[in-house]
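First chain written, first letter: the chains are A, B, C, D and E, and each begins at residue 1.
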């Protein structure tokens, strides 16, 4: 494999990492900061994509579609928080797992009921289609560059919100001791609704942005959900920086694993089985990475808590 | 007698009476359904030991379930094709005998639990959830792409394995075997909860530093709990594969892990009969709702939501009160 | 007119009743010592005032009926709590702990840090890794940051070194005289309560058994209800 | 009175395929208007264990004579051997894994659709006839994916620019596209069912690489095409059915389906429709309870297939023509048109391994 | 001189730039109560954590019963007979009071690997547990869930659990904290009698208790022992008065 191709694949890995971060951003907020295990995060991602596809289909405007995705997912998130999640903060994680598992069923089948069983059409806008040429002569899709920029911007924004604003501090305080922060005069319920809606909105936005280059269909959120959890756990719960670095690591491992492992096995076996064995190991690679990181650092790369 | 005990007795009675009625009314499928529920309950009883008493929220129990299933699939498929599993260093033949398969399933899943536990118990809390999930996913992807035993297509066994003295093809007899195992596991976990080990494990979950300060090693206690838990779930896996006469990577998927966990939670975590109530309710609901509409999973979701929101302590907690018995 | 007024307050934990009719008044600018043996219901009463535990009976703060308010609204009326067992926000730094509760007023971060210089030294350290005494200072500082009109101190000197304890009692005295902050103080040291408070209320098994000015608190009374 | 049990996927992500299968099947059944045929339809949720239990239920409780409807190979492998072992007939409306065509063939098992490799073989034959020198081929890493690439290679036979197995469920194909660009390939063959294919095609269209693309019909089926949109235009795909196959049965089917369900039929609907008609033709001649006679009646395949000429080989898989279609736009709708016949009277690669000769 | 039961030699532990224990050498002799006092944040709990094995020292050694235990785990030290109480109660809140002491008895007996038989019906375990509850006056509450105890009652239970170990030495981190005056007095009396059973290393801010109990006192300031001596010596020491005691002397 040429050095140029390798460089391009590294770039692809980083790019897919940033995209992963975009998908995981909302979850980082809800899971990392509020300490809530929200399995329905993938569903909110799906809601965003479906809202975007619908609005894009009606208006033809991608921008409006993004706004719709954000609004629909944030709205759904706020409702979910008000009617379901709110009653679960005081319970242990397991009840949250079950409730949000139930929400997955409701969201998935509800969406199928409303939109039918077939995938929807959502494409990138005309102005962003096509490629730009990177230094080194690699043609690179313009839309993906935009995703990278957005992903990094979201990371920076979240970090700022979490570490530097009083809102962020209060939310983290609430995660440590909800009763106490309320007794100090902070309306933590309202903050939580807000944060949950924000996290959901980010999920929806990611669903729309990423949905434009993937398939918009029922169940699209599930693989994302697991990946996003992997990312956050590798980085260390509660750390935005960790989530970004975790995402990049996962992106790189996934991409390079898929590319390099088959090459590696070609040294010992015929191309067809090398491709197959290599890819088998590649699909396990990120999980091996995660297990490895956790065995080495039981609270992730940047996690503080035990 | 406390309300929980009455409830437990009623559940047990239902496990006997419903299939008995099905035999009388010649409804073999009801027995199949009951068998499914009983096997799921067994798997969940296994998880309940790790999760309920030990506080080990494992989202990777499908690994043990699947290993149990594959123990059955691999042994039986070799027996079916008259080829040995290995010829070196000594010949290992396949088998169609349930007791041998169970033994292998339990041994293999305990071993897996031991290895996973040794690594995973370095972490705790949410990290533990995720690392167990990671091991599950590794196994799943491995099974999907490993061609020797069917990959994603899985392995079919044409005839159910045998148990000396019984005709396992008769649904009620196979059900009897499964029920016997479930009762044994329930008895075991009832005694475990009150035993010195249960006490120590329970404390290790709540305050590991205290356990250490009195000379107990929480990690080792938890490891043992995980192994016991994995072994029981593995056994359930072997039975499940035998029920379907089929095993495939879906048994190893994270959804499967999630479902086993859901059985425990809707039934009631750390309640003796929680897994039974949970698995029974879920299987029944799935069966009844399936006919209602194509979108029946919406209703399933709503039912589950109602149980979490209004039934603290799961179904058992809802019906028998918050306080645990014993 | 009293700032805080409790009348016939009862409360339970699930099936077990902990308070059987507690009466308690705190006037503006007054410091009241709240006493009783272990497990008699002092902290439970505090939880009721701060709306952390549902209660029956009359609870009025500054003319507002507390019994309908959520916890944070009660706090915003001007009730500041230093809870039993400190309950600092473990994963927040010292500075963040203070910022989290801050509301406008006399007390701000520099003032709190002047009161407890030790906190200034540990500003960027996670609360969980503070020593016990440091956490206690943080909990007091955090409550002051809400600029309360009534400060509730539930065992606020537990685990503090004698020197620090003296400082805190001095600070309490200063708070009272300078800012006119009313106080409800729970502490084990009768001697120090006597120095800092105007009045005492004694609980036994969830009921008032004695109240009055400290001068009237005879050795017989304290022997009977406090065991000293 | 004949009872037919249909097990198919009606909920969750793969539901669109099952829904089409059912709708096609029922279209034919209702047209026949026979009141002595009872059809029981159940949802397998795309889970093998659920499928097995539904089969048990249909066999034990409902006492069906014939089973049909499964979409996925892994579910078929779970259900079919056990069902045929209990003496039930199974007619496949889609999945037809290699084992069941070869060593595991069974007198009670008929595949009405194809053998899994067929559509890939057609693409391979087409690549050869077009004179491609270096196709780049890829599929997910699971048994059907491997069968697919093997099927392609079986009829292509030449040199490859690359052979890649992707991960099942993968959504980002940037790395594969970079590999394609670097490989010097002159064409691409891919088998990426469902959402994977949509993702790949969208990303490929946006990557600036412009090589001819081939695939099996699954990724270009009516339901999916609309979601891919323009990115699919011009792609060649191997199929044994297309809505423009010119025969009376097909015309009636396409029209009837559109009228009844208000959408264009898909491949799966076509298989469902043919399966129902085959069944009806056999039922006219024999009862399923007379297994020998009924089997013989099925084997005759005495019905008007929407695919034109249709016969069963000795392994009871179809002998049929397999076409190459091209994706076009008709008004606002993306659809397919036949451009070539890739394989004539194609049976399956495993027929010699089957002992039913 | 009585034999030395527990000793540290030049223990050091730093958190970043902060030296929490900075070369601490102290010892505990049979039959005595050795109090460690010092300002908040002086490193007392850090020292205890190292003695009990919860923290690994950067340098230095811990000896217990004449054996170097620096490399041993907490549980191994506990099994040798080192019992501790925590500054913040560490109890199984969902369990009953009795179960908490049973746990101690179980640890002491070293047989947690029994999967059958009820822990609460095991005569030997139960006797031991009940004796410990009796000693701290909690016997009446034995069936209550620990979460239902008041703060002070939890502190008493904390001591009871340590008692069940029948240890060779006690290490107590502020056992009086949270007790009322009456409770402190009772516990003081109780600890007084306990020293005959096993010596106590006592960290405490309650000076009444310390002065009443301690045979020796060591004063820790900024991680260093600045003075060791009898009650009177320490009370008179101007450095100690300045750093710690204030008027309390």
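In this section, contacts are C-beta pairs under 8 Å (C-beta built on N, C-alpha and C of every residue); 3 or more make two chains touch, one makes a residue touch a chain.
Worth saying up front: this structure is predicted, and the values here are computed from it rather than measured.
Chains that touch both chain A and chain B are the following: D.
Path length between chain A and chain E in the touching-chain graph (shortest route): 2. Of all the chains, the one whose CA centre sits at the greatest distance from that of chain C is D. Compared with chain A, the chain whose C-alpha mean position is the greatest distance off is E. Chain centres here are Cα means. That of chain B falls 51 Å from that of chain C. If you average the CA atoms of chain A and of chain C, the two centres end up 44 Å from each other. Between chain A and chain D the centroid-to-centroid distance comes to 34 Å (mean Cα coordinates, whole Å).
Annotation for chain D: residues touching 2 or more other chains are 11-12, 15, 19, 141, 146, 165, 167-168. Among the residues of chain A, those in touch with two or more other chains are 108-109, 112, 276, 279-280, 283, 305. Those residues of chain C in touch with two or more other chains do not exist in this structure. Inter-chain contacts, as defined above, occur between A-B, A-C, A-D, B-D, B-E, C-E.
Put simply, chain A touches chain D in their complex at residues 1-2, 5, 8-9, 12-13, 15-16, 19, 108-109, 112, 116-121, 123-124, 129-131, 139, 141, 143-144, 210, 212-220, 223, 255, 258-259, 262, 271-272, 275-276, 278-280, 282-283. Of all residues in chain D, those touching chain A in their complex are 11-13, 15-16, 19, 141, 146, 149, 163-169, 171-172, 174-176, 178-179, 182, 194-199, 202-203, 206-208, 223-224, 226-231.
Here chain A touches chain B in the complex through residues 31, 37, 84, 87-88, 91, 93-95, 97-99, 101-106, 108-110, 112-113, 226, 229-230, 233, 237, 276, 279-280, 283-284, 287-288, 290-291, 294-295, 298-300, 303, 305-306, going by the rule given at the top. Listed in rising order, the residues of chain C touching chain A in the complex are 50-52, 70-72, 74-76, 80-81, 83, 87, 89-92, 96-97, 99-103, 126, 142-143, 146. Those residues of chain B whose C-beta lies close enough to touch chain A in the complex are 51, 57, 119-120, 122-127, 129-131, 133-135, 137-138, 141-142, 144-147, 254, 258, 261-262, 265-266, 269, 295-298, 300-305, 307-309, 312.
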